Amino acid sequence: MGGMPMIAQTEPLVPSIGWSVLHLFVKARGAVDCDIVHDAKDVLEKAGGQVVTAAILGHKADACVMALSEDLWDLRRLQTEIERSGLEVTESYVSLTELSEYSQGVPEQMREARLHPKLPPEGLRAFCFYPMSKRRGEIHNWFSLPYDARKELMMAHGKSGRAFAGRILQVITGSTGLDDFEWGVTLFGGTPDDIKECVYTMRFDEASALYAEFGPFYTGIVGTVDEVLGTLSR
Amino acid sequence: MGGMPMIAQTEPLVPSIGWSVLHLFVKARGAVDCDIVHDAKDVLEKAGGQVVTAAILGHKADACVMALSEDLWDLRRLQTEIERSGLEVTESYVSLTELSEYSQGVPEQMREARLHPKLPPEGLRAFCFYPMSKRRGEIHNWFSLPYDARKELMMAHGKSGRAFAGRILQVITGSTGLDDFEWGVTLFGGTPDDIKECVYTMRFDEASALYAEFGPFYTGIVGTVDEVLGTLSR
Amino acid sequence: MGGMPMIAQTEPLVPSIGWSVLHLFVKARGAVDCDIVHDAKDVLEKAGGQVVTAAILGHKADACVMALSEDLWDLRRLQTEIERSGLEVTESYVSLTELSEYSQGVPEQMREARLHPKLPPEGLRAFCFYPMSKRRGEIHNWFSLPYDARKELMMAHGKSGRAFAGRILQVITGSTGLDDFEWGVTLFGGTPDDIKECVYTMRFDEASALYAEFGPFYTGIVGTVDEVLGTLSR
Amino acid sequence: MGGMPMIAQTEPLVPSIGWSVLHLFVKARGAVDCDIVHDAKDVLEKAGGQVVTAAILGHKADACVMALSEDLWDLRRLQTEIERSGLEVTESYVSLTELSEYSQGVPEQMREARLHPKLPPEGLRAFCFYPMSKRRGEIHNWFSLPYDARKELMMAHGKSGRAFAGRILQVITGSTGLDDFEWGVTLFGGTPDDIKECVYTMRFDEASALYAEFGPFYTGIVGTVDEVLGTLSR
Amino acid sequence: MGGMPMIAQTEPLVPSIGWSVLHLFVKARGAVDCDIVHDAKDVLEKAGGQVVTAAILGHKADACVMALSEDLWDLRRLQTEIERSGLEVTESYVSLTELSEYSQGVPEQMREARLHPKLPPEGLRAFCFYPMSKRRGEIHNWFSLPYDARKELMMAHGKSGRAFAGRILQVITGSTGLDDFEWGVTLFGGTPDDIKECVYTMRFDEASALYAEFGPFYTGIVGTVDEVLGTLSR
């Protein structure tokens, strides 16, 4: 860059609770420098963050790089490095780990699992991401329901999801005010049909049937950086 | 790729039932290396998969490569090879063959035809693909209907479709949680107007009239790799 | 193309009634080889097809190439040739000429005019294309109306359109199951305001006011290949 | 162009009443040849047409070229010249000047101002364009209202607009059947907040509150060709 | 540019009250000349304007340049300079600072803070921008509500927002008639979760639950030009 200064030391910007999360969906248009991707992952992990990589099927993306970190600047620098490696960021999602308003009193272990998840989970290699919002329709409007009604619907929805414990790990991160939908949902499953069955089953829950709006779905396979980039090698 | 490792041996990721399906819609922007396409098809078929190719009309795509396989990694590698041949993937669909919740008790032969279809069908060369979801409207909401009502609507819809037996083969694959719509519909017809008449007729079924939402439609002609790529030759 | 075979002789794929129709909307990004366009038109016409060319105004396209043919392969080959000439296909529409379910008993001459129109009509040089579907709203749903109600609405709509006889030729082709809307409407008018007045007037018909959904509109001028490409010459 | 004929002499295609109007929204991707733009403007003006140029703010466009002419071919040729100058047409609108069905009996001077406006107006340099349609909702449907109800609503809406006389000149051109919306609205204002206040105030009129659907808004500053292109000079 | 004149001296076009505001969302596709960005900022500030820069996360943009100025021409020239530096403007928003119709009688200091804000605020480095409109639904229509009902809803909404005083600075600029939504909302927060909590909480206010429609959300970090561009350096 003309007149480009050294990368300034930036003062960290961290959430007061939980972690910042950045899903990057990338395409390999030309040559990719895998070393840069490895290095960017190492840098974030040394700073206490985590990076999950997954191969993605179809035209939306070739791969997903899901990064968790305290400092937003660290995520922004990771994105710059990913792009510098030759991967183009075609879609993305910005969110924060959170404890929902309905889960404030959960046990410490569950609280920790939501605010500081350890990813990816062992043995659940089928990967899925989609964003969602609660409907604000002219008849069915989630935001006009009283808290107790919302809590009851969410408890029933949660129970429906727990039937898939062990087969599906669900990571829900909050994005109201941060990205176009209100939540990002990252699913890790044992098989692709575990993910399909889980989402299909839960779609009949009233919380979802009447009140959920879904964004695009991204499907793939969790793998190491070498596995994921290796299958893109042209 | 800089520092690109050899393509790692990946552990297969297969559905517990049925096959993984990937529809790739591609454009020939420049020169296309047909040998790479032939090789990719051979590799998948040797691994037990299937590949259907169709020429597509209009701006959305020049061709469709529909691939069925057990292992998601095999489909991802096929996609990489297709792109390496010079074809650009402009649209796609990710789904799984399935036995719907309304068809659990069908005879073994029908069950097998849905989970492990043999494609393309003989003599049905008119090709059509579109994705669809069931409506979750504020008044008409499929996911709020009881199971029996849904089953009755689907039985009537199925009967309406069976009037086209022999003229149309319908392959419905499930994609809830995997792609943007809930099902992918691939039609093989004797003539283009068989497809039009079938879809038009079924649109008046209550299951479709009140409860279906359709995505984009892709129309073309099933052909060999040489026929399909040959007509794109510039 | 690497390993590209000669263009294979393909077995024709023709509708059992009427013609296949392909509207190509194209942009001239760089140099255009007019001879290729002339040749492609000649080839299709010798095979019994027709090609109408129109200059289009605005950013959506520089020109429209509307082709009618029995064989879908012929239309696909025409598209390849158009692209080979240097024109980029940016939008398109795939449909079939048809006799609607409400017009099955029309006189032979009218039947023939709909299934095998002779285009472009003499003296009607203002050109317009748009796709449309019948509404499947939660309150107003065309596909839930009984046949007699639909027929009555269509008869009134047709009468409204016949007031423009001589000033407007309307070519309606069916695309349910073939493209994103259910019909393509191609209008040929004496003047641009004939088209505006006709569409505006018919929009108040109940069949249209309550039950029509419109796609994008393309406006232009019918001309010879030389006139149309000549005005794009840079 | 290979085999490119001289630009054919084309037979004019003119509306039977009023003028043809083309709004071109353009971006300067690289070098722009201003002489070509000047020449294209001169050619159209010598043929009796008008050209208004405005700098546009934001990503949608760098400038607007609004051209009025009798002959559609003249507008198409202007578009080709604008593109030949190095400006890319990224958005556009096609319409006709008109006397609405509610204004058939207006005085000759007002009739003339609508069919043959003199643009740009003196001293009103704030520029705005947006397209709009009347709503065809399931409950509120403009096209199901009787003529008298529509006329009354439009009269009240017009009165509301006339409060801005002198501060805003509103040019409404009809595009039903010609472009994606039913009307194009071009506003010329004394200041940017005149435009904001006018549109905001009129949005509460019942004709607009219940029955208007708006497309994208383009905002800028009327200037000479040199002023507009000069501020884009890189 | 061929035949490019010197940049003409332009007559300022300023709002009669408040400032013009331009949000530019930019991507660094290749090399960026930081000196040009510094100079453009200096020029605007010397003319009495302000420029806020923020790094943005995700695919929508790499950075935001938010500029406030009296003269629209100054903002347009800033945009040209930003693009000349090598940054591509991929999204944007055009608006004006304003005193809403519900706040006409506020104290002078608050009035001044809205019409002539001093940005960025000290210590609030989490950045968010989104545009919004009031709903014009078929059942819930903001523009059909009487003034008093609207004012009451806005007062309650404002009170809800004031609970975040000190943690969030909210800058609301008006864009009815200027850009696609009716308001632009720029939030400056102490932490990313302050922004999330504020927007989430206010979404349950009736003014928002029943009557707000939101556009895309952009999230980032306020920084100096060197900090922001430095983290994009490839």
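Points worth noting:
A, B, C, D and E label the chains in the order they appear, each numbered from 1.
The rule is short, and it goes like this: a residue touches a chain if its C-beta (ideal position, glycine included) is under 8 Å from a C-beta of that chain, and two chains touch if they have at least 3 such contacts.
Worth saying up front: this structure is predicted, and the values here are computed from it rather than measured.
In terms of the stated touch criterion, the partners common to chain B and chain D are C, listed by label. At the interface between chain C and chain D, two copies of one sequence, fewer than half of the residue numbers in use appear on both sides, so the contact is built from largely different positions. Rounded to whole angstrom, the centroid-to-centroid distance between chain A and chain E, based on C-alpha atoms, equals 27 Å.
Separating the centre of chain A from that of chain D, both taken as means of CA atoms, is a distance of 44 Å. Across the assembly, chain B contributes 138-139 as residues in contact with two or more other chains.
Shown here, the protein chains touch around one cycle, each chain meeting exactly two partners. Chain contact summary for the complex, chain B toward chain A: residues 1-8, 10-11, 13-18, 20, 22, 24-25, 72-73, 75-77, 79-80, 83-84, 89-94, 96, 98, 136, 138-139, 141, 143-144, 174-180, 182.
Across the complex, chain C is touched by residues 31-36, 38, 55, 57-60, 62, 86, 125-126, 128, 130, 137-140, 187, 191-196, 198-200, 203-204, 206, 208-210, 212, 216-217, 219-221, 223-224, 226-227, 229-234 of chain B.
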